[in-house]
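First subunit A sits with subunit B, and in the next complex the same chain sits with subunit C.
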Partner chain A sequence: MDLIGRGSLLLAFGLAVYATAAGWMAGRRRDRRLLESGRRALLAAFAAVVVASAVFMWAIQTHDYRFLVVWRSSSDTVPQPYLTSSFWTTQQGSLLLWLLVLTGLSALVTWQNRRRNHDLMPWVVAILGAACAFFAFTICFIASPFESVGAVVPTAGRGMVASLQNPYNMIHPPMLYLGYVGFTVPFAFAMSALLAGRADERWIQLTRRWTLVPWLALGLGMLLGAKWAYEEIGWGGFWGWDPVENAALIPWLTGTAFLHSVIVQEKKGMLRVWNVSLVALTYVLCITGTFFTRSGFTSSIHTFARSSIGWWFVAWIGIAAAFAIVVISRNAHRLKSPHRIESPVSREATFLFNNLLFVALAFAVLWGILFPPLSEAVGGHKIQTSTPYYNFFAVAIGLPLLMLMGIGPVIAWRRASTRGVIQAFRWPFLSAAAGIGVLLLAGFGSSVPGAIALSLCLFVTVSILLEIARGAAARRRLAPGTSWPAATTQLVARNRRRYGGYVVHLAIVIGIVAIVGTSAYATVRQPVLEPGQSFKIGGYTLTFVRLTTERGPNWNSTNALIEVRRGGKLIDTVRPGKRSYTDAPESSQEVSIRPTWTGEDLYIAFNGAVRGTGVNLKVLVNPLVNLLWLAGLVLIAGFGIAIWPDARVAARVARRTDELARTAAP
Partner chain B sequence: MRGSSLRLIVALGIASTLAAVLLYSTVLGGAVQVTRVSELARKGDASTQVVRLAAAVITDGDDSITATGERRFVIADTRDHSLRYTVIYRGSIPDNFAVGRDVIVDGRLEGGVFHAKTDSLSTKCPSKYASSPPEGL
Partner chain C sequence: MIPAALLLIALVGVAVIAIGAPFLRPSTALDVGTEEEQARRELLERRDATLAALQELEQDRAAGRLTQADFEQERLALRAEAVALLRQLDEREDAV
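Entry: the complex of A and B
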């Protein structure tokens, strides 16, 4: 078995190296046969990794403890589907999943483009092949999932980390990997376009979906991780500015900047250097994030064990960054835009400011990760950045970004007149001003940034809704008698990308409302109660009845039986507790979360038993928190609208792409 | 907008971000120094500052929770387990908190006891505790 697994991985490594060489030579010699050969090598590499993954999964499912990784991360009593998810809970398994996704995407890209884009594809094959070769190398020679446990095979596994036995852990890591890995494709196309002597926007048109998918996956991956932390860790929050959380956030921020700036290039032919630099930066930051997670460079609740693999990642980051810098600088003359931004009060200038703020926030977060190890290396003492550091920049940069989110979609291209600005923004501005007044009167002034953020959310929402209403009104004028819902539907259907983007903006607004609600207006108490004792929090009265015990397939738990009353009426009985596992050394929190239709959660965590009969609880009333999960659904809806195929638009883009392809440099 | 003006805006934006980040992280209290138990022991009660202490757990204090929710547990220097402090702590206990684990906790030393800030206790990742191969191999 292990021979098949190891052999498949070695084969994948060899094929990826070959694809790199064949693609590169095909690009230089303009040799179609070599391109075809490299393309097939990538397809075969994917097939080989599928075989290796199947062998590894088989070993997990059959509890084959001859494999060290299987022995370390599972046991006979780990229930399904968590046993399946142990595939990616180790360094080795998660790298294999990464390679599986990377080779899969590479195979899909090369298959999709088998009959087109022959000027770009050799370089795309070479770059994707090199990325696959690097990851295959790390798995074959540094962190193999098929490492043997030794001569004596254990009869039982070590079990799975308790906190990972959670439904969200089933999907959170694969989603993040899809995001991290997915940015390889736009990076490969951007560099390929330059290597092929192209500086136009064709690579952007070809990779629009290939950029949106990893962006969404990374965003949803973070959201699912937040949900996991909220339900599993028991501290009542969902984002702790942990280095590994930040490692995913940083490329998502630069990726978001990129999604906006490409619009300026597509519409106006500007920001060409910026866009190729931004997509290269995003790719490098994806690998850097992986380095943070896997090297032991940072201390985090999510990192894997300290290992020598980090140096290989540093090398790859250096190679990718140097490659991008050389390619971009050698093509700088081609990337010069014939147009300039005419006015700071224009849509393109707004997009530029938005980009600067996204990159500034990404840099501030990155510095927060780099500062502790650098301070230790330079000064001998580790200095950690803490939550206030991140919160400061989240507020200082996040609030202007939020404002630009309301301005960007509405302000005119080229140069906005004063009259136009007043007309476009008077209602959003008045709504925000009225909103902040109402918030202050309603007692939300306890957090000034919170109140400002909520009023800006109102500004953005009104701005977007008015823009949609204006469009729908225009459609009704063109087709009298059309109802408002029908006009709105037609409007969205005719420009899915634009209005899908607006829905995504609304999702971000909903998410920000949730973040503000929980971070600025939550109520927390940590009482110690004896049986029969009650306490009040946020309109609820909680009565501790007694301690109880429960038993599951591989766990025992101690729970606190608590009656929840509101207005004197019993509305629920909850049992927060702590589980100890028979096959894992850790315990896990089993928090009780009681959501309400207003988006508020009553959150109860079990801190510990007191003197055998009492209990120490952590209780929070988290206002608006459920809007965060709703934001995820709205985000998916917006993404769906933006990415949904439109034959009319596809034909227009294909025409434009063909035109650009015909003008390819000889 | 002329190209030079645009470049000026970009440069100013980047420079001010750099300056703010560096200032905030190094001078204005956005960061806290991580101290080992041995370093704290050298300073003793002379250290009145709030510090972030990195240590190993010696006793978990599961049976020590008082009527006010305070838990008393013992920590030691990660390299020299003879250097120990009792910690008085109130708040969430991470799932991985257990004897032998490395933890980080914020607080200050008073009268030879480390008074921790509420909810400041964190542990290192469970996957950092990947087991060694079975004995006898």
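Entry: the complex of A and C
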């Protein structure tokens, strides 16, 4: 078994190295056979990694404790499907999953382009091959999932970390990896376009979906991680500015900036240097995030054990960054834009401001991760960057970004007149002004940034809905008798990218409302109660009845039986508790979450028994929190609209290809 | 151990055949296009983007997102750009 696993990984490494060399030589010599051979090497590397992954999964499912990683991360009593998820709960297994996704995407990209884009593909094969080779190298020689436990094989595994036995852990890490890994594809195409001397917008068009997919995956990965933290950690929040959470946020922010700035390049031919730099930066930040998680550089509940693997990641980050800098600087003359931004009051300028703010926020968060270890290295003791640091930048940069989200889609390209600006923004502005008045009257003035953020959310929402309504009205004027829903559907179908983007903006607004609700207006209490005692919070009355115990397949728990009343009426009985696992040293929180239709949660965490019969609780009333999970669904819907193939774009590309073929014919 | 080794050898064999097979065919050059084709492709892309922008501008005007003055100014600029691009394309076609 281990021979097949190790051998397959070595084979994958060899094939990836070969693909790099073959692709590079094919690009230099313009040799079709070398390109085809390199492409096949990537396909074969994927097949080899599938074999290695199957062997590893088999070892997990059959509790084969000859493998050190299997012994350390599972046991006979870990229930399904958590046993399956132990594939990626270790450093070694997660790297294998990373390689599986990377080789899979590489194989798919090269397969899709087997008959087209022959000027770019040799370089794409080379760059994807190099990325695969790096990860295959780390797995083969530094962190192998097939490492042997030794001469004496244990009869029982050490079990799985308790907090990882959660449904969201089944999907959260693979989703994040898809995001991190996926950005390799646009990076490879951007660099390949420059290596092939093609500085036009084609690489952007070719990678539009390849950029949207990892962006969505990273976003959903973070959201699922937030849901996991909310349910599993027991502190009542979903985002703690943990270094590993931040490590995923940073490339997502630069990726978001990139998704906006490419629109300017496609429409106006501007920001070419900026876009290739931004996609390279996003890729480097993806690897940097992985370095933070795997090196022991930062301390977090998410990190893997401290290991020497970090230095290899530093080397790869250096190579990727240096490669990108050399390629971009050598092609700077090709990337000169024929146009300039004419006015700061224009859509181009709004996109540029949006980009600068996204990148500034990304670097503020990055500095927050880097500062504690650097302060320790330089000054001898670690100075932590805590929540106030991050909140300051989130508010200072986030609020202007939110405002730009309402301005960008509405303002005119090139130059907007004062009259045009007033015409476009009078209703969104008046709505926001009225909104802030209502919020202050309703008592939301307890948090000034919160009230400003909520009124800006209203500004963006009205701005987007007006946009859609104006478009639908125009369609109805063109085709009298068309109903409003039909006109709206036609409008969206005619420009899916634009209106899909608006739906994504609405998702972000919904998410921000949830974040503001919980961060600015939550109520928290930490009562200690004896049986029969009650306390009040946010309109609820909680009565602690008694302690109870429960037993599961591999755990025992102690719970607090609590009656929940509202307006004197019993509305629920809940049992928050703490589980101890029979096969893992840690315990896990089993919080009680009681959602309401208004988006509010009554959140109760069990902080331990007191004097044998009493209980220590943490209770929160989190207003609007459930909108965050709704935002995820709206985000997926917007993504679906934006990514759906557009027949008009396809027809335009086909016509262009025909024209090129016609004029190229002798 | 022996079946595993045989399976591994088979995997390596398949991989070697897969990557070696293209070399059994006669050598051909990749069709990467000439500089002229590339320049023309870029002009066609710019032309399509400009025509799409003109179309979008009309939609924006119809939807009342732009004042008449903003619309006229942007339309003139886009039309001038489109005319320049079409002229460049014609010149290149004449040269061919």
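The rule is short, and it goes like this: the second predicted complex is superposed on the first by the 652 of 666 C-alpha atoms of A that agree within 3 Å, B and C clash if a C-alpha of one lies under 4 Å from a C-alpha of the other, contacts with A are read in each partner's own complex, and residues count from 1 in each chain.
The criterion applied here is as follows: contacts are C-beta pairs under 8 Å (C-beta built on N, C-alpha and C of every residue); 3 or more make two chains touch, one makes a residue touch a chain.
Bear in mind the structure is a predicted one, so any value in this text is a computation, not a measurement.
Asker: Since both structures carry subunit A, what do subunit B and subunit C do when superposed there: clash or fit?
Answerer: fit
Asker: For A:Ala360 in the superposed arrangement: first (subunit B), second (subunit C), both or neither?
Answerer: In the superposed model, A:Ala360 contacts subunit B only, not subunit C.
Asker: Quick one: is A:Ala196 in contact with subunit B, with subunit C, with both, or with neither? Answer first, second, both or neither.
Answerer: second
Asker: Output check: A:Gln384 vs subunit B and subunit C. Expected answer is one of first, second, both, neither. What do you get?
Answerer: The first partner, subunit B, only.
Asker: Given the touch rule stated above, what does A:Ala474 touch, subunit B (first), subunit C (second), both, or neither?
Answerer: In the superposition, A:Ala474 contacts subunit C only.
Asker: Taking the superposition on A as described, I'd like to know which of subunit B and subunit C A:Arg72 touches: first, second, both or neither.
Answerer: first
Asker: With both complexes overlaid on chain A, does A:Arg30 touch subunit B (first), subunit C (second), both or neither?
Answerer: second
Asker: On the A-aligned overlay, A:Glu586 touches which partner chain: subunit B = first, subunit C = second, or both, or neither?
Answerer: A:Glu586: touches subunit B, not subunit C.
Asker: Which of the two partners, first being subunit B and second being subunit C, lies in contact with A:Thr288: first, second, both, or neither?
Answerer: Touch status of A:Thr288: no partner.
Asker: For the superposed model, what is the least distance in angstrom between any CA atom of subunit B and any CA atom of subunit C?
Answerer: It is 15 Å, taken between the nearest C-alpha atoms.
Asker: Can you name the residues of subunit C that touch subunit A in the complex?
Answerer: 1, 4-5, 7-8, 11-12, 14-15, 18-23, 25, 27-33, 37-38, 40-42, 44-46, 48-49, 52-53, 56-57, 59-60, 62-67, 69-70, 73-74, 77, 92-93, 96
Asker: Which of the residues in subunit B end up touching subunit A in this complex?
Answerer: Contacts found on subunit B: 1-3, 6, 9-10, 13-14, 17-18, 20-22, 24-25, 29-34, 52, 62, 65-69, 71, 90-96, 98, 104, 118-119, 122-131, 133-134, 136-137.
Asker: Can you tell me which positions in subunit A touch subunit B when the two form their complex?
Answerer: Its residues touching subunit B are 68, 71-72, 89-91, 149-152, 154, 158, 161-164, 232-236, 299-306, 340-344, 349, 352-353, 356-357, 360, 363-364, 367-368, 371-372, 375, 381-386, 388-389, 392-393, 396-397, 526-528, 585-589, 605, 607-611, 614, 616, 618.
Asker: Flag every residue of subunit A that touches subunit C in the complex, lowest number first.
Answerer: Its residues touching subunit C are 1, 3-4, 7-8, 11, 15, 18, 22, 26, 30-38, 40-41, 43-44, 47-48, 51, 118-119, 122, 196-198, 200-202, 266-267, 269, 410, 412-417, 419-420, 423-424, 467, 470-471, 473-474, 477-478, 495, 652, 656, 659-660, 663-664.
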